[in-house]
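Going by the order they are written in, the chains are A, B, C and D; count residues from 1 in each one.
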């Protein structure tokens, strides 16, 4: 089965959305395309797990990639389902231009396609191209609302990410050079790098890795390069925010994981863990105060993304097999929880007409369907059982202790508690209490509630299940990926 | 010798970009820099064993030396902006900073490739250009200036790719070039949008999203 | 079918059923309460059979494999706490059948979280590995958080819930740390592996584990100065939940502390015990002092929980000291006292919260100044509350007296230690306990006297009705338990002693009691004396001639409730006596037309200062927020600035790499 | 024989209690240059009250009627815990000095409730003050008892008295002396004597104990007064038992019992004299000075305990 099959569904959907005129038809095509895409991803993941990596020209899908692809397609499915309500609301409030449906859905699926290119690229250059392409394809989605805030956010997003990624490419070139020096021909394939890694010149790899971490770290939202993130996440339409936070950051982090895996045999764990611990703890420390005194709930969620990406970097920094296992589990759980949070935040935004935290109260009574999922998602993000993040945080922090990085782990724990205090404070204020102001009269159509319940359940159910039960297959998958990352397996 | 001269000229033009206030001059300096680098690549391509670089070099000269500057002039026409009036970092300070960054880049990169002076100098120049490009973006308020900064950063990448002496694999190079084009178009469109929403392309206006 | 699994299924069924039935509140309430009662009952049977006959119950479920999955089993030590929790859970569920009617507008969510809360809490003591423990622990916390903010339209409840949850999570983080340190040293998540590894731990690690678990479990237990959430959270929840939180949940903190310190670490240097003892003394005295000042009936009870946790810790701390000094049998005595008081506190605090709940349900106020005269309107509730109040004031022959007596004996036996430091500590602790006892009696005279006796102080109190049958039943069961545990204290002690012995491994001999206590004999003598007095009086005075008349009101016609002594007035002597602690502020406002001697109305208000909150927590919170506001300025909106961060980070990294390669 | 004597002891104390109060009153009168009523006057008062009609407030509840019996029975039970003539007590197997303290707390608890029950402000005021005094007196009381317990290794009153009586005068060390002084102060407070409370006054602003039982009359009042007389007797006996137990009967033969009774009477007389002297020579303290007074008692007791139990001075 060819690897590029993965890209067919989103590309075709994007093209169809661009051709078709009727909004309802576009919506339908989008949903069908997402389902198809998810199905293909599922199928390919299954065959990867059952029969080893799929290889194509310059493309390769191994267990790690399949994991990411599955996450991307699942979140994309949920987001495209939730887009229907979003677009209807926008249309009713007359914020849409004539081509808006085409532009939105076309770009949306293009965005998905570029992200799906990330896991299947066997080439660090193509990987970079793919990540850069995600920025470009999503820039107009971020600026979809044409008001000045959205434009500002899109500008910052493009500028900062492009510069950051340029440095990532520089790092990649340095690694390429190191690979050339080590002999073995001119190749950017990461499988190739994995083979020659131990022979590469550590000095060059070290420098290259710094640039890579800085570059992909910018895209993944590690502090202090995260500054574009709250703006973009807060201004983008909520389904897009869900994609940005749940998938885009995850893809960038995937790139970091790949480089981590390449550098590991060459540099050894000490240097890598210093770098990742630094950025991880730094992100936690920067995000925590912002979360404590947040004013805008979509920005709040965005900072929570910074925090979680930092936590994952911390997990890589700890670097034991179980820690990597936990980090990858965290990747999945965070994607689920954060997308759910953004999607429900979008509905809260529709119900209340404001993004200010202090102006939202009693969401559970005003918009119970959104309030419930929002609260659940936020509690999940706080790392409480029965949500999966509890488990992954438990694993990662315990490994921090077990590997002797006690001070770092204690600091991370303290920061997590601070973040929890902030998130909970705002979540309580928003979800509970009495409704204080008159609300926009428009209510979501109850007959179309399933359109919301399906994606919400799609995200929440696995999140809850993962907190209590990890199927043996997933357990094996995660362990396999941990081996890939730490150099024990070619996947 | 010629190669060194060309690379030195590209560095000089980078400082020129940093020094000029007029947007026209800046874009021209960028075009000049791109052409110098393209010529350097051509030179490299003519040496035996590096034939595949030739295509890259030609396309670089065409795209970055002519197409992109032309596009930027179009944008300038459209938004009617001529000069950088209020830099974020004052001109003298930005020159001093630039010198410091250049020195740092050399200090960082020189030791890593002692056996290969060509690569060492190439990477050092590449990093310098990237740092200067970033520094330009930090220091200037006009959105167009930031675009030029980004392009200078990209030129640095071009140098880095040359410095590996083999160039990057073709498919990657093409991807990069394509990405660059798209990026410039996207950024250009965004600048139009900024102009129409804010009636200015001063990025200082773009600071309402805080906290 | 596995019996532990059955309980879990029943609890889960109860929670889901009440969600399903949320459109029919009465059904939801009944379903959730009956299923919870059933589950608790089964669990109570299991744990008592484990306690009395040593039957082992276990249940494991794969769950997440990386951390060993879920695993539960009952040991006598955990069965004791399971029995305590499920016993109180059973009675609370019976009580709630009637009481929870008050919350029928939220019956679905109440039933849902109530069952989850009980599920998590009941399974905490049985947990056999780290993951299971923390999972149950967090479920318990999460569910109880939702119960605290059930009444979420009140800002007070939201604040309470928030404070509670944040403090709990901070505590839980410390528990995580303690377990992780143990995991690091053993490489195992299994509780069974920890004791064996303890001797190999360095003293530093041991101390860190101890301190982390003391802070972590101490937060849940509500020891001073980590107690500040407790007086907010416990009153905010529905009363049957308050009683479970106060009676049972805070005991899980004691359980955890004992588990880590005694079972895992096998004891430590004597200063650990000294620290626990000192915190216990501090908690008991401060707890009761603040309880005395409260006019809110449930807050008063919550502060009193802090006091009682202090008393339990006196036993625990003394046991730790004795163990480290090699006085095994004394340690058993002290630990037995602590465990006994833990049980007793569950019973009488549960009872008192039930009483408070019924009273509040009937009068719609928590302010004691608006109650009064309820003994005539709610006689059964009053009788049960009187028994609870007597028990918590440690009056013979009830259970509170029995366990405090045992605690005294334990502390007294510390006077015979050879080391001077512990001896002085035991002495001071016994003085603290003595002070606590006296103050607790005053506190509950006030609580009972002001709310139940004399004339009603408000219309609500006048219209009060007796509690429903199930409420009465719940209270009656616990009131009877107060008496039974008091009279049967010897039997209870004989059950507890082997548990204490097992916990303090290495103790073979049973402790010789320095004195014995037979509350039954005291009760018998008292009854005989009362009967004799009645007969004597009857013989001398003949048939009783009783005339009822209005109370003399200083010559003014008609006694009104406004002439009664108020709760504030009752506690005034104490407020003045302990002014250094309370730092009361008082404000008197007078409206007078002619001269200050003829005021038209006077307003008096007096408030006390919570020193720990104001001096310890507020500065930290202020600093944290100050830093946050400062840091927020980093995100100033300028793209140039953001690019500068990028540039600066890059430059710093490069400089660092140059510097490191030198 | 011994068992019977042990049960007769508390009975003796209960029956003789009014006499002791009578003696105190008589001595005070003599010291104040008054003639005073006879020493048996309290018995007559009791009889008179027992035969009187009882007036109960219509506000009061059933607790109010229960109080006298609780007060009397708990105090009587407390008497069973201490040795009087013979070194041993009837309830040594069932309780000790700690139980004694809490048995004495029981009537106070109920009387304080009674003070609130009738709804008059006086009663409430009395209850509040009584509880404050008690809560400061109780720790001091316990510390004193612990001093004795530490000295002998048990908290049971009978064995304590026996051990001390047999150990000679050396047992009365500095620790014991401090504790003795403390217990005397505690006794003044617990029994509502001057300078803590004036048993003879009904002046509204100074009343404590009397305010609390203000609403009781007739047989209730009689029982309550009797109970408080028993309490005074009990405290005086305790002072003798724990600190100067010499002369107490060690066995249940007639000779030693007779001697014990005589010695006890002498000791009680001395204590009564001391009490009367104190009550004659001091004025009532302001209410908020009382905690200072009891604080002093507490400190004395604590010092006693320290020197006895921690520094191991004496015995």
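What we mean here is this: contacts are C-beta pairs under 8 Å (C-beta built on N, C-alpha and C of every residue); 3 or more make two chains touch, one makes a residue touch a chain.
Here the structure is a predicted model, which is why all the values come from computation and not from measurement.
Q: Which chain is most remote from subunit C in terms of Cα centres?
A: B
Q: Would you kindly tell me how far, in whole Å, the mean C-alpha position of subunit B lies from that of subunit A?
A: Taking the mean C-alpha position of each chain, the two centres sit 30 Å apart.
Q: Taking each chain's centre as the mean of its CA atoms, how far is subunit A from subunit D in angstrom?
A: About 77 Å separates the centre of subunit A from that of subunit D.
Q: If you average the CA atoms of subunit A and of subunit C, how many Å lie between those two points?
A: Inter-chain centre distance comes to 43 Å.
Q: Go ahead and note the Å separation of the Cα centroids belonging to subunit B and subunit C.
A: It comes to 68 Å between the two C-alpha centres.
Q: Residues of subunit D that contact two or more other chains, please.
A: none
Q: Touching at least two other chains at once: which residues of subunit C meet that condition?
A: Residue numbers touching two or more other chains: 632, 635, 639, 641, 643, 646, 650, 654, 657, 661.
Q: Give the residues of subunit B that touch two or more other chains, as numbers and ranges in rising order.
A: Residue numbers touching two or more other chains: 108, 111, 134, 137, 146, 203, 206-209, 211.
Q: Please list each pair of chains that are touching.
A: Contact pairs between chains: A-B, A-C, B-C, C-D.
Q: Show which residues of subunit A lie in contact with subunit B when the two form their complex.
A: That would be residues 58, 123, 125-126, 129, 132-133, 136, 139-140, 143, 146-149, 151-156, 158-159, 162-163, 166-167, 169-170, 173-174, 176-177, 180-181, 186-188, 201, 203-204, 207, 230-231, 234-235, 290, 293-296, 299 of subunit A.
Q: Going by the contact rule set out above, which residues of subunit A touch subunit C in the complex?
A: Interface residues on subunit A, with respect to subunit C: 155-156, 159-160, 163-164, 167, 203, 206-207, 210, 214, 218, 224-225, 227-228, 230, 286, 288-290, 292-293, 322, 325-326, 364, 379, 382, 384-386, 390-391, 394-395, 397-398, 400-402, 404, 406, 409-410, 413-414, 416-418, 420-421, 424-425, 428-429, 432-434, 467-470, 472, 475, 478.
Q: Which positions of subunit B touch subunit C when the two form their complex?
A: 88, 101, 104-105, 107-108, 111, 131, 134-135, 137-141, 146, 203-204, 206-211
Q: Please name which positions on subunit C make contact with subunit A in the complex.
A: Counting only subunit C, the residues touching subunit A are 62-67, 130-131, 134-135, 138-139, 142, 149, 152-153, 155, 158, 161-162, 165-166, 169-170, 173, 176-177, 179-181, 183-184, 187, 624-625, 627-632, 634-635, 639, 641-643, 645-646, 648-650, 653-654, 657, 661.
Q: Over in the complex, which subunit C residues touch subunit B? Could you list them?
A: 632, 635-641, 643-644, 646-647, 650-651, 654-655, 657-658, 661
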